[in-house]
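Should a chain be cited, it is by its letter among A, B and C, assigned in written order, with residues numbered from 1 in that chain.
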């Protein structure tokens, strides 16, 4: 770490002036972050403690913390949707990632990674419409099943419900899981299994004592990210249900749209609650990922 | 402790021959090394022995019992892997204990054995560390301890030292040998490092392209290689073309000089041979001396300091000849104390002491046909 | 023999994955590109010919390009200076650039609406101005753009490069232009692609702040012309696909797998 600046080495004052100029160059970044991220965030935080028709501070907006049904419902629904799409996307994604690792085909893997990146990013309005065309009331699959005598809509299914949303969300959750777990699964080295075999252990013993403990941190971290991914998602749910399902992001959007049934304080409180859920998930994910990399990155 | 017999092992991967007709029997407590360049089939043979691959033909017999069809986890062999394959989620002690747990040994017995192993391998102070917190040498010792803790019938070592740096490597290889002798365990070591093979084995199996080139003790392999492959693979070796002058008298001829040399009586009269001489066996002559035996004359091109010895690279030929492309370069080792007598550019004459040389059949007749 | 079973299992799973991925696309195409009986591209052509489609697309592309340029112009020097001179700020900047993961678009929209809406407490009403959208999109794409550029800065070891350049007498700006920018170009292109594709598909901010971008138009037109809207889904899909492929190409040249995960909207 030695630098040679024998000729024309800047004098301390010049260096300081240069440091000052360099700091100036950071200003645009700081400006944008301050005005478009920090101030709005603080405004929400402060707003959430403002009573609707008075001044001072209050907790009245945080009805969901008191178990108030009307304001708790969106959290319950968002939780159910996030949890169920985390499970479906997580389990299927894990299976596919493992199948890829077992196939030991770099070409198939690269292909699936590309497809998964497209699918993981194909969300929002277009995804909602694609699913209406697929399994909406007169969707391709719906009519196909009716041809087999199975009318899923008369059997109680509807795309515009939590179950339907789970199905749609799985479209981007599953490939996200594949992308997240593939590196972790590939880090499980074949020699570990051979070492275990060599020491006389059964396959199941190996999976129980080595594979599961090694993968658990990455697995939970990935699931947390999936959970957060659907908890904050708005566009897909809105385009599909036009705001009729009560979810946290949908309710916040109703406040923004000026719906009279939602006062601003409640919107801010919902936003703060949503941010807390996201923080727990993303923070937990970061911690677990660091723990996982201690074992897997070698 | 066990005797191991590998009988006619052959293994192909998708039409590609990995090992062909591998025959070897290993005695009780013997340390045998499979030596060869990468892709020569040494690792495949080891993995067949361990039960990770099943041979297309041939059998693996341990103490008279055919284990060819047994899966790896029922062979009771111990293996040290190239990258150690330590379980990353277990401490050094837990890694060592794993095989004992699998064998359902009672807890107190396990603890005693683990403590014994930690002590034996000098791992006591790091027993609670995870593999990522161990140095390369400590990981290697842990892998070794894990493999021998279960008292395996055979110890298999797959390039166990390739992942540690050069300085630790020499220390560890002596340690591996010391432990193997102390435990009296039968061991097979796979390596591409000839000095590793020569320094710690009872016997060395030199392999090339899926076949055994030759089997011998380290000193046999080094001093009397029987194939050109072995000669060129192990250590530095000078090769000179010669003709077999008389099979019955064991004489060869080089540049008009006839001399007796070992190996000549095994080759046909008049056939081409290769004379093999180690650099350290060549003998620089005092100027003016004229010995009766074969001599190389040339000019020193460069000196390479090797420690107690200095290697002279001598371009064969004299005067103008010595600069012509294509003339032979000969390595000659001299004691470093004397090296200044032959600085680069000086003419030199070197005697080939016939007793230190061997002749083998020339290239074309030795190298096996590619499959 | 066990291996053959393993492969069969893997093949079945991968076939399922393939169907799962393609069926909604096939259904989309089947619905959009037929008039009930025959295959036709007419709905797609109709949609593409609409004035409101074209203005929406122009707005989306315009905003995406402007924001992307702004992002690169701001993020690249910032990341360089943080690595080079302000190492103590690194943790803070890392934290700030991760924040948009914790504050999803819906929250950002609510905050922006409150601060720059009609009743702005700062007295700055930005509703309808492109500045609001560009500022918001700068923040939304920050985790991707900053990470891509920052990784590239670290990969080429800009500290040593700068020291070498300065020892040869070059000044800071010259070093940045002649050495750092070319050295991190692939990372910067990745950042630009990530920013561009994120913005082209963004719905939440635009819709709730009242901008008729392409996704907003797509949502609005569905009510009256479902077939045309569904045909445009194919266009949207192709944009996503092109973005991912471009990223993969850039990433492969940079030596990675080239796949970055965006957050679903």
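Here is the rule we go by: contacts are C-beta pairs under 8 Å (C-beta built on N, C-alpha and C of every residue); 3 or more make two chains touch, one makes a residue touch a chain.
Not measured: the values here are computed from a predicted model.
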{"item": "Most distant chain from chain C, judged by the mean position of its C-alpha atoms", "value": "B"}
{"item": "Chain pair that, of all pairs, has the most C-beta pairs in contact", "value": "A-C"}
{"item": "Distance between the centres, which are taken as Cα means, of chain C and chain B, whole angstrom", "value": "57"}
{"item": "Rounded Å distance, chain A centre to chain C centre (Cα mean)", "value": "16"}
{"item": "In the complex with chain A, residue positions of chain B that touch it", "value": "50-52, 71-79, 81-83, 85-90, 98-99, 102-103, 130, 132, 146-147, 150"}
{"item": "Residues of chain A touching chain B in the complex", "value": "189, 191-192, 194-202, 205, 209-210, 213-214, 294-296, 298"}
{"item": "Interfacial residue positions of chain C with respect to chain A in the complex", "value": "6-7, 9-11, 13-14, 16-18, 20-21, 23-28, 30-32, 74-75, 77-78, 81-82, 85-86, 89, 96, 98-115, 121-122, 135-136, 138-139, 142, 163, 166-167, 169, 172, 197, 201-204, 207-208, 215, 218-219, 222, 226, 229-230, 232-233, 236-237, 240-241, 243-245, 247-248, 257, 259-265"}
{"item": "Of all residues in chain A, those that touch chain C in their complex", "value": "3-5, 7-8, 18-19, 22-23, 25-26, 28-29, 32-33, 35-37, 39-41, 43-44, 47, 92, 95-96, 98-100, 102-103, 108, 110, 112-127, 129-135, 139-141, 171-176, 179-180, 228-230, 232-236, 238-239, 249, 252-253, 255-257, 264, 267-268, 271, 274-275, 278-279, 282"}
